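Each of the next two complexes has chain A plus one other chain: chain B in the first, chain C in the second.
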Partner chain A sequence: MPIGPPFTPDYRKGQLTAIRKLRKNPRVLFVRLPYILSLVCIVAGIAWLLLLPLDEYSRRTYISENALLPGQVHAYFSGSEQHVFRGYKQELEGLIPGEDQEKGVSKADAQFTSEVSNKVQSILSAAGLKVATQAYEYTSSGITHQGENTYAIIRAPRGDATEAIVLVAAWRTADDELNLNGVTLALTLARYFKRWSLWSKDIIFLFPPDSKTGTQAWIDAYHDMQPASVQPLPLKSGALQGGVAMEYPFDHRFESLHISYDGVNGQLPNLDLFNTAVSIASGQMGIGANLQEMWNHNDSYEMRLQTMLRGMVKQGFGYATGAHSSFMPYHIDAITLKTKGEGWQDEMALGRTVEGLCRSLNNLLEHLHQSFFFYLLMQTNRFVSIGTYLPSAMLIAGNFTIMAIALWMRTGFDMDTQSGPTAVSTSAPKEKTSSSSEARSSKEKESATPSPEPSGIMERQLALPLTLVGGLHLLGLVPLYVFNNLSYKVSPIPQVQQLNSMTFLSISNKQQHYTMATYICIAANAILPTLLAAVLSSLGFTTPKPQQYLLIKSFSLLLLGLFLSTLATLNFSLSFMIGLLCAPLTFVSRLNPQTTSVGLRYALSTIGLLVLNLLSPPVVLLGLCWYTGVSVEHVLTQAAFGWDVWGMWTQVVVWCVWWPAWISGCALLGFSLF
Partner chain B sequence: MAVDRKAAVFLAAHALRLLLALFFPSLPNLLTGRVEVSTPITSFKRLQEGLYLYQRNVSPYDGGVYHQAPILLPLFSLLPNANMSPLITAIFFSLVDLVNADALITIADSGQAVSGRFYTALRKHIRWDGLSIAAWFLFNPFTIATCLGRSTAVFTTTGILYAMSNAVSGNSLNAMLALGFASYLSIYPALLFIPLVLLCYDQRAQKPTPPGMASFAIKHFMIFLFSIAGLLGVSSLIVDDFPQFVSATYGFQLLVPDLTPNVGLWWYFFIEIFDSFREFFLGVFWLHLAAYVGGMTVRIRRQPLFVLTSLLGIFAIFKPYPSISDASLYFALLPLYRHLFPLMRYTFFAISAILYATLLGPAFYYLWIYAGSGNANFFYAITLVWSLGLSILLADIIFAALRDEWEYDNPEIRGKDVRQV
Partner chain C sequence: MSSLFNLLLRAPSLILILLLLLCVLLPTPVSSEHTSNWAVLVSTSRFWFNYRHLANVLSLYRTVKRLGIPDSQIILMLPDDMACNPRNAFPGTVYSNADRAVDLYGDNIEVDYRGYEVTVENFLRLLTDRLDEDVPRSKRLGSDAGSNVLVYMTGHGGDQFLKFQDAEEIGAWDLADAFGQMWEKKRYHELLFMIDTCQANTMYTHFYSPNIVATGSSALDQSSYSHHADNDIGVAVIDRWTYYVLEFLESQVTSTNSKLTLGDLFDSYDEAKIHSQPGVRWDLFPGGEQEGRLRTLVDFFGNVQNIEVENANASDPGSLKEDLLEIARLVEKWRVRDQEYLLATRNDTSDMADHLSEPAKVSYNAHKDTVQVTRMVKETPWEKRALGASALLACAAAWFAGSILGQPSA
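Moving on, here comes the complex of A and B:
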């Protein structure tokens, strides 16, 4: 056998040289590759989301829970019940102040006064139900919201009061319209249901004065979790199995039903409940069903995508979309049915739909658990489940983690090359090439500095990066506290507002604390990173080393990735949105003064800072408000209200996850200026 | 100056705990209810139940809620009711933390971690002083959470840390008494006896006229037994029904009947296991836990303090009812081996895994228990990640210690590449 180089096919040779090249020049591995990988992750995450509405990736909805049997029973709510409905409606209308153009009083502004409450109570007790009331008061942003819930319970003839269904008819709908027909319908249904003997679960009829505070106060008190300003409930029933809220805010006949299902903090009800409602409404009753305010859904790709994105935006913001939203944190599945359009369906059709839903829920043997709790709907009969959509948010969150790990390894590698030349006198060049392997580079340097004295060991200097990143995350608590506790004050006397959120808009131009705070925040955001960079660079003893810039970025991105992937399991949409807004942070870093000329450095970092400032939390808020035409005051008052009353934590994510990461990114750019 | 710095750190740690308890009055109760903080054998809620029964002259073990040592009952009877004056309880637990930190300072300042009887680390100048290590312990979020959650595991921690601090300073008698106290509270510290007695012996052997190894060990084993027997004797004065006490505390810890979720690996396994195999696997699990003692003690004979530290890390992963307080004890002792950090290779990944588990654990528990949209597998998967993170850290530092010893033994190949096979 001739001894020589073994025979290697050409393609193998090509591979080997490529690997050898990589070994010789690991900069590609540590500097270029992470950027490419991160970019691929972000692009793949977005592409993944855009693929979801296709038939191949979404699924048709189906009912998992056999006990529900939607649409299998005949609904008897019709005929003479309509007379009862008209009678009740007339009784209630008599208590509402009529139209009066001169005084500016409109019927649509009618409040849930004590007369109305008494009338509702008397109707319910006349029908043979047990009635109770609950007064409550919430204060948020200096505005007091007070009211009184009225509710009544039908004890199940065939049950033992361990389970119950809730029907909610708020006096004012989520859009603050008068829900006279809805309340009347609930009263009629109460009288009608009371005469049936087939209920195996208690049925609770709840009449909150509005859709924002009333149900929250009631459900908190139902579970004895209410704050001191909310009265406890005198009358209770068993574990709530499901809830249906009805809204019928006009007098004419309607065309279709709109089903809203988003809960606080992006929690969703069990998909079976939604499917049951769709199946009963469109299958049995022949009423069209809509979701996410998509009135002309033609099942095309664009429409599906739009529906899904609207759902994601609502889920991401995490605010309550109706009276049903407050039930979700207690693991009670609930939806709101709202009538829409001008058609030929009357209140009896809505009543029959609700009856069918109640019959289905009444059949349940155990709490809804079969179907999905995490889903994105794109049509009333199409959805994607968490297994299909989660990877897109995880890819976005993963891009930060990839970059963080790569930066960490790069700091190890840079130290190798820095300490290499000083030790080259004794170490063989072979050693230096072997130092490219990842394990070695993240390991410490005693082989690159092979002096027997272990004093040659270099370690990463972690103190400054850790303090800076940790401190910024703690600093996020300041804007969080300020924005949640600002007083929305118009006059020195705290204004008692009778449950009318529309007045937020009308008085918002008098004295705008929130708008002011937003502008101050924008200004502070513009100054803080540069100031931070200037202070750290000018104080001699803390001037960060090049390695520390990489570590600051690494830690900040590691935490961001960490928070976002956790968040993706709780509120997919919020994680996805914040991830997208933070995506540029992966790609900004301090410009190296040794490789970039001064002019270019200043120009680039200034442009970078300007662009980043456009993506800062308050600027994004302003942009969104400008785009949707809602005032900043309104949004922030609602946000503070959500924090105080609903337990909404979108703000925490904004100020303690997004904002610190953003400031770190800006500060890194700011360091290039000094 | 040193005293001032120490006073400042201790005061700051104390103030932080009290301020947290003052400004967030619901925080202690929230933490007390968390499965990551309170286990059935360390829960403060269960202690209050036992206390209630004890103060009304009923056996505290009636009702099957209380599973902790009876000696805690008279102690906590002296404190005012925690529901009436939560601040006093908070101060008490905070002081226990400070006492633990004090023991930690003694251990660190003795320098036993870097140079012992047989062995001096190569990089012994890379170390933190005792106060930094104490500060690291006191401001560790896991320690703070344990303290605010009023877990009674802190007393076991005190016992273990005092056993170690007395051992390194040569008071072998006190070391045995402290270990006896820790073992009396929760059985598993008894497994630390062998490395601890070796540590004591190494101290004694450096003084003139060392006794024989065997007689020294037997003598100290007797002291250890007597201290436990004494505590059991005191316990029998406190509770009337001695067998009931033993089965409710030690039986409960050994046989693991309560399968409430925790951060450990036992609960899920024993939920899944068929009842007929339960005893067998119980034996296997305990054997697994105990098996590390022998191997580690023999292999790293020259550094008994390191064996103690690593065993505590192993216990934090594999013991039947672990909580974050066990992890916080391990994290407290890790900085003693600051000189090994440069040799560790996977710290970043281990710490990332632990951070991920710390955030995802509560999130998945919430999805499982409150939101109802997840299930037990979610949380169990995260406890696996948590254990994985701790295991990587543990394996990595043991690797670093072995590598250090190896370089010490083979000066000619210092700084060469090694590969773990």
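Moving on, here comes the complex of A and C:
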């Protein structure tokens, strides 16, 4: 019975009937519109991203912080300092084992031995700095990483010791090359800076043995957050205001500087720091600056897009790209300057650039805060900020939410009592699970039958869908645990792996636990959804009602949409990538046995399952490894290392957001088979 | 005038006549009279990268000191200490030119308001002299109705405001009201207002009190730019407008005898060099631009004091002429009273009722009475002398008798 006043005027009656009609037949609203909206969202999200490199949507970079004043000081690091540099270099080279073909020893493999460390310490002490060391040890994937950081502090002669700048020169670069020139340069700079009286902040020179573990151990200990296996720091200074890492991994002159800025988990340093580095390097010193390994950037649309996408991939994976990356979680802005190419710039030019950067950072009155922390760079002088790019990932995340809400509303309506309550699979892209012709036929059927239902309100049965979706999300913890704790066993005794895992991997790739685990995971992914569907359908009391299929999809997509839109504000790139990979999940649902013939149903769901399996997390991982030529072992060891040492969260998103949503989608298709 | 003159000639007071002669015999030029020069030099921004604002002010400080204004008449407000900043490559110095020829911080500098004392409130209280009694003289603007005041401000500003430090700003109306109040309290004779900041010319748009000439570095929606940076100090050391004003003052106004005028200075503005449109406001000045242009620069930047005490022809209340006329009027009144009294005593027939009805006259008469010589005692001096002499004779007789009678019988 319609509820309303007893005497309703005629025109109101007319309106009410119109509304009632719409409520009685909400097929357009609940079934067709959400698919269209979701598709539009996805397309618009991708189109938005592709528009960003255009001049109209990106902006030129600029220095926001007035105090930085990049390039306004004359850098005096030259002349006699070069002799000091050569002297130090000779001293250090004497400690490195020479080339020996017979023993297979290469100079490039030289490690940060205690002799080198002692030499570095004696040079720093002689220059009048306070020196200290810190030993650390990390274990990940059964590999032990241990080393000893050496560092020294110049106390600001006229400043209060409340703030400090860090200069990092790792003995081995992020690409595991010998950084002899970088370390020597840092030593020379330490001696040179010590003689200036204009520092308002302490300057810390840090010499970690490698770029992966050393800075992490040091910065953790600096903030008293270190694990038990890492020693506390005997010597500390004030709050760190910025960091610059130097890499000069060859002996010839260089052409340009490569600036890395990505931090762990896609965190970025303040854009002002990057801009200052670019401004000093190219503006003042006349050294070209590059980013994201784009060596021949001609500022065209394609190049900008490529730069941006490379940045997004690094941000999305969330791994450390250099010694600077470990600083980011502590809100310390840091970058790495790496020399590149063969040109006419010598180590003094890099030294002057670092001097200029230090003078700019020295000018700071407060922590870098003026400029952006969320940005995508597409050229050294072009960027888009979060306000411009965020809608892209938000639209993609929003498509899941729209579908989830629509499905929730649809489950509350008994739309076709005549043909029995049913979930109707509707139009989707042709290569996806259900064909549009099938949907059209079902729609014709619907329109042919009148809908004389009395109330149109259905009770939702939530227990099974909630349990299933919640359970699947909890199940994601299993692969998360397994992949992070798998041991990279080579021999029964865990080998103490001194420094680099790359060479290690190349030596012994016989037992590939990680590859094995990946294949097992792929197999499990192929079986699990169908198995789940079969078990649930065969057990009488758990057989889902047609409404519950929709509710499973609704909850799964709702969680996915929530997670991704939240993630978009923290790590835009990861959210965008996972959103794209999950996009087909919006359009898959259980095929209705009453509207689809058995043969067609089996064929469609099998094709759908195959397509979805190609988009499962482990298969995507394999595909990427195959495309980039990196071994799966390496990627997964790095991921586990990231989890154990850097606090990387990418795996959590993969296994606890992406994977459960993927399993839910596959399971819905699997239900069509039974 | 002549009757007054005659009257005064007859007056007994010689000083009065001399004073009046002084007034009449010195018919000096009308309005350029001032008796002291004061300068209020304000930088409103702190932090190392604003080095140039402090250098601006210190440069001007040096100029006004060179032209003779003593430290006691300069109020210098510096919100930060660049000389002692750890970032300063040349500790203890401030330079306004990359050649670093002149250390502006030098060894003879008196900063009156420093650091966080430089606030809008302190600045307004300084101008209007609304300060506690215990505020020392060095922090007070002791100007009076005869003072020419130079107010120079620099910092970061915008449309009708100037930022003070990082926390507050002064509005164009605040400044106009402060100057208005200064005028009412006779705290300046003429005032030259100079400001170097972005959109500086908007700061003087609301001024309403008379005798102000205002000039600024840039028009609405224009930035004021720095002139050049020092590559060793690492910051810009001076602003463009101030740089060219100083260049003019330093090279042209070489001594206090300089006859260069405000007009000359303002004509030297070159927009191509300054990179913004400097502005000048004349309309508050009596005589407008024509008169204003004739003021010499040392009237404001120097310490030129005219010897004459006051403006003879001014007729404002409080001026010397007014005072003299008042004194003359009083003298005449007393003379009339004197004559009346003389008549009254001569006739000796004056009515007591008249005296009672005029208490002023009573007191006047009483005063006259006390002046008269009065005899204090009744006896005559001869009687006293006779008495004394007889007493002495009696004593002498007693002594004589005693010496004869008491002689030993031997």
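Here is the rule we use: the second predicted complex is superposed on the first by the 602 of 674 C-alpha atoms of A that agree within 3 Å, B and C clash if a C-alpha of one lies under 4 Å from a C-alpha of the other, contacts with A are read in each partner's own complex, and residues count from 1 in each chain.
By our rule, a residue touches a chain if its C-beta (ideal position, glycine included) is under 8 Å from a C-beta of that chain, and two chains touch if they have at least 3 such contacts.
The shown structure was predicted, so the numbers you read here are calculated from the model rather than taken from an experiment.
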item	value
Chain B versus chain C, judged by how many residues of chain A each one touches	B
Contacts of A:Asn290 with chain B and chain C, given as first, second, both or neither	neither
Chain B versus chain C as contact partner of A:Asn525, first or second or both or neither	neither
Which of chain B and chain C A:Gln241 touches, first, second, both or neither	neither
Touched partner set for A:Ser211, first chain B, second chain C, both or neither	neither
First, second, both or neither for A:Phe374, with chain B first and chain C second	first
Touched partner set for A:Gln267, first chain B, second chain C, both or neither	first
Touching partner for A:Val73 - first (chain B), second (chain C), both, neither	second
First (chain B), second (chain C), both or neither touched by A:Thr637	neither
Residues of chain C touching chain A in the complex	47-49, 85-89, 91, 229, 231-232, 234-236
List of chain A residues in touch with chain B within their complex	267, 329, 331, 367, 369, 373-374, 401, 405, 408, 434, 439-440, 442-447, 449-452, 454-455, 457, 459, 558, 562-563, 565-566, 569-570
Touch list for chain A against partner chain C, complex	66-67, 69, 72-74, 156-159, 196-200, 359, 362-363, 365
Partner chain A, residues of chain B touching it in the complex	122-123, 125-126, 341-343, 345-346, 348-349, 352, 355-356, 359-360, 363-364, 366-367, 370-373, 411, 414-417
